[in-house]
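Take a look at the following structure, please.
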Amino acid sequence: MSEFFHQYFDFHIMGAHFSEVLDGFLKNLLLFAVVVVLALAWGLLLALLRQLPGKKLIPIRGLTIAYIDVLRAIPLLIIILLISGGIPYLNFLPKDLRIPQWFGQPDPFWYGVLALTLVYGAYMAEVYRAGIEAVPRGQIEAARSLGMSHGQAMRHIVVPQAVTKIPAPMLNEVISLLKDATLVSVVAYGESVLVGREVLAETFNSSAVLLAGLMFLAITLPGARIVDKLIARNQGKITRGAHIEVA
Amino acid sequence: MAEAMVRLEEIHKRFGDLEVLKGVNLDVAKGEVVCILGPSGSGKSTLLRCVNLLEPPERGEIFLEGHDICKGPGSGTGEASWELDFVRQRVGMVFQQFNLFPHKTVLENVTLAPRQVLGKSRAEAESKAKALLERVGLGDKFGQYPERLSGGQQQRVAIARALAMEPHVMLFDEVTSALDPELVKEVLDTMRELAGEGMTMLVVTHEMGFAREVGDQVVFMDGGVIVEQGRPADVLDNPREERTKKFLGRVLER
Amino acid sequence: MISKTRLTASAAVLLVGIVSVVAIGCGSSSDSSSSTSAGGGGGEALTVGSDIPYPPFEQGKPGSYTGFDVELMEAIAGKIGRTAEFQDTSFETIFRDVAQGKFDAVISAATITPEREKAVAFSNPYYLSEQAVLVKEGSDLKSLEDLSGTTVGVQQGTTGQELAKEKADASEVRPYPEGPDAVNALKAGTVEAVIIDAPVAANAVEKSGGLEIAEKVPTEEEYGIALAQDETGLLDEINQGLKEVEEDGTYTKIYEKWFKLEPPKAIFSASEAAE
């Protein structure tokens, strides 16, 4: 039993490799920060495309729905492997696009960004959709009856109201993203899990891996608490009948 | 004879397998107040929503001030763009559930469409909005949010909001049905004044008193068709059709 | 329409759940049968851990593994009256795993190093090896020195990784989970060179095309079979088995089959000397 604890709680090893694992964790955070912004934007765009009304735009709606379903259906790990294994071979693209080394970040970083954005954009699009659909239909009808175009109705009436219903479920997706981003270790991006496994190979001990896990805990636990508070606050607002404040 | 403000010809509308409007014909003259009565499911709300193309009809023609706003038979499923804008700016609508924008103040609710759709400046839109709100008796509520207002007050804001677009026709879809009884009068009074000013109005309602006093024409619908229409006194006091009699009998028992 | 989709989706989830439970149940009971077909002497099973694939040492699918290590181990097992049963595992945990008794032995092109000897016991060396610098055919990189400032791919936890870190002066050393992943990255162009065991590099050149070995780096590495340190009895048996396999010509046959070369004399004396 003590051997078990020794495998995971060897503080000497944790101490010796702390800054390495921390550096790796910062790489996790960097990847996460870049993807979060891109995925939120991409997801919103997808959600809006999915909403476009009218017979003529059925192909766009159909493609968007298909994209959202497919990207949520294929395991993220497979998408990461497909992208990092396939893009270098797209010979019609210039090398700078196939094997991106932009801003000093190596190509596994950018493949990770692409894969995570494509997939999490799809999940986030569904969160936006739920928010948009939660806005009562009468709102759009009133807006359209006043002569506003679909775009104006979305912009002034629907999206501002949808936005208040989104933070709690969206934060869940965001936390999920932070954790899933570790999968990029499989294409040799030097983030904390990879570092942990390196130390494991060197020392035959898993403590560095646990250390990486603890670093995540430090961020995701408070994050989950915030989500709970947000949900409770919005619930309270609904039951008290307060108008939802929008900036 | 003056051309009708609104002319509905052979309107057919179905939702999936259910045919809701089975060939409705109606003329509304300028300044006329037409009250539409009928049991639920009769298609009266749907008919109203055809007029501003919220529910475009499958078949039939709709003429607004002489312009055909559907592009002809069989085209009703799409939205013809410039006709749509023309329609929505000429036709105002007030809903049973008010549908005020909760994240905007009363004043903003009324100024939003004139600014965004008609391109009016903020100053212009606001001064007009304030005048309208005062006219409906809400001059002290500009900065409030809808949730703070009573149902009757909200509905009056909704009327002001629709009027801000300077429509030529106003559609009222059971606008007092969701109100507490003591709040109904203030809304009906507002509508009465509007009628007195010469607005062309189509009113779907259960308020027989209003229909009798304010209406120029009463239309009774059942099962997707117009069963009987005529002057209020004729239809309400001396209905000719059996269905009309039955309906009125039930309603007036309340 | 919604309820129909929900129903189908729920049925699908249920089906997946049932299949997984059944699979796990079957998997755990037949874990020990993810083995090679002809294991050896038909006696008690010898569980052998290995990081598969790593051609030409170990490759193939469960139930039909093959390769130099695989065949050698089967031959040795036969000599000591046991049947070798292979289990695929990841390289970076392999020494810890055998030290804790997860396997009876490990054969995985594993170099004998002082660090590793702290955790496990090794048999006599069964293979002499070196590292190679693998590059794309026609590359400008012709030696270990040329790698200065380049991106070099390696497999996590290997002596190739150590060599890369110590000698290659690379701008980035990229550790991949599996050896073949590093080779694939080289082919795709995302790394400029790979440092990996020489025979594995040679195999890649032969089987893959478009690659060449820039330089071989003689590191005088010796591969050994790893066991838990307290398995002294089994260690003696394996060393004995290895010696017999070398003496009766089986070793030479297997060696020539996989490497198309005669085995170096040094390996036979390595067995002798270590006794």
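Per-chain residue numbering starts at 1, and chain names A, B and C are given in the order in which the chains are listed.
Quick note on the criterion: a contact is a pair of C-beta atoms (placed from the backbone, for glycine too) under 8 Å apart; a residue touches a chain by one contact, two chains touch by 3 or more.
Bear in mind the structure is a predicted one, so any value in this text is a computation, not a measurement.
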Original post:
Mapping chain-to-chain touches, which pattern fits: line, ring, star, complete or other?
Top reply: line
Original post:
From the centre of chain C, which chain's CA centre is farthest?
Top reply: B
Subject >> Length of the line joining the C-alpha centres of chain A and chain C, rounded to whole Å >> reply: 36
Original post:
With chain centres defined as C-alpha means, what is the inter-centre distance between chain B and chain C in Å?
Top reply: 79
**OP:** List the centre-to-centre spacing of chain A and chain B in whole Å, with centres computed as mean CA coordinates.
**Re:** 46
Original post:
What are the residue numbers in chain C that touch two or more other chains?
Top reply: none
**OP:** Provide the list of chain B residues touching at least two other chains, using ranges where the numbers run on.
**Re:** none
**OP:** Under the touch definition given earlier, write down the residues of chain A that touch chain B in their complex.
**Re:** 53-56, 136, 138-139, 141-149, 152, 156-157, 160-161, 241-246
Subject >> Complex interface listing, chain B residues touching chain A >> reply: 52, 54, 77-79, 85, 88-89, 91-93, 95, 97, 99-103, 112-113, 116-118, 145-147, 158, 161-162, 165
Original post:
Which of the residues in chain A end up touching chain C in this complex?
Top reply: 3, 84-85, 88-89, 95, 98-99, 106-108, 186-188, 194, 197-198, 200-202, 204-205
**OP:** Spell out the part of chain C that touches chain A in their complex, as residue ranges.
**Re:** 91-93, 95-96, 99-100, 115, 119, 151, 153, 156-157, 172, 174-177, 181, 184-185, 188-190
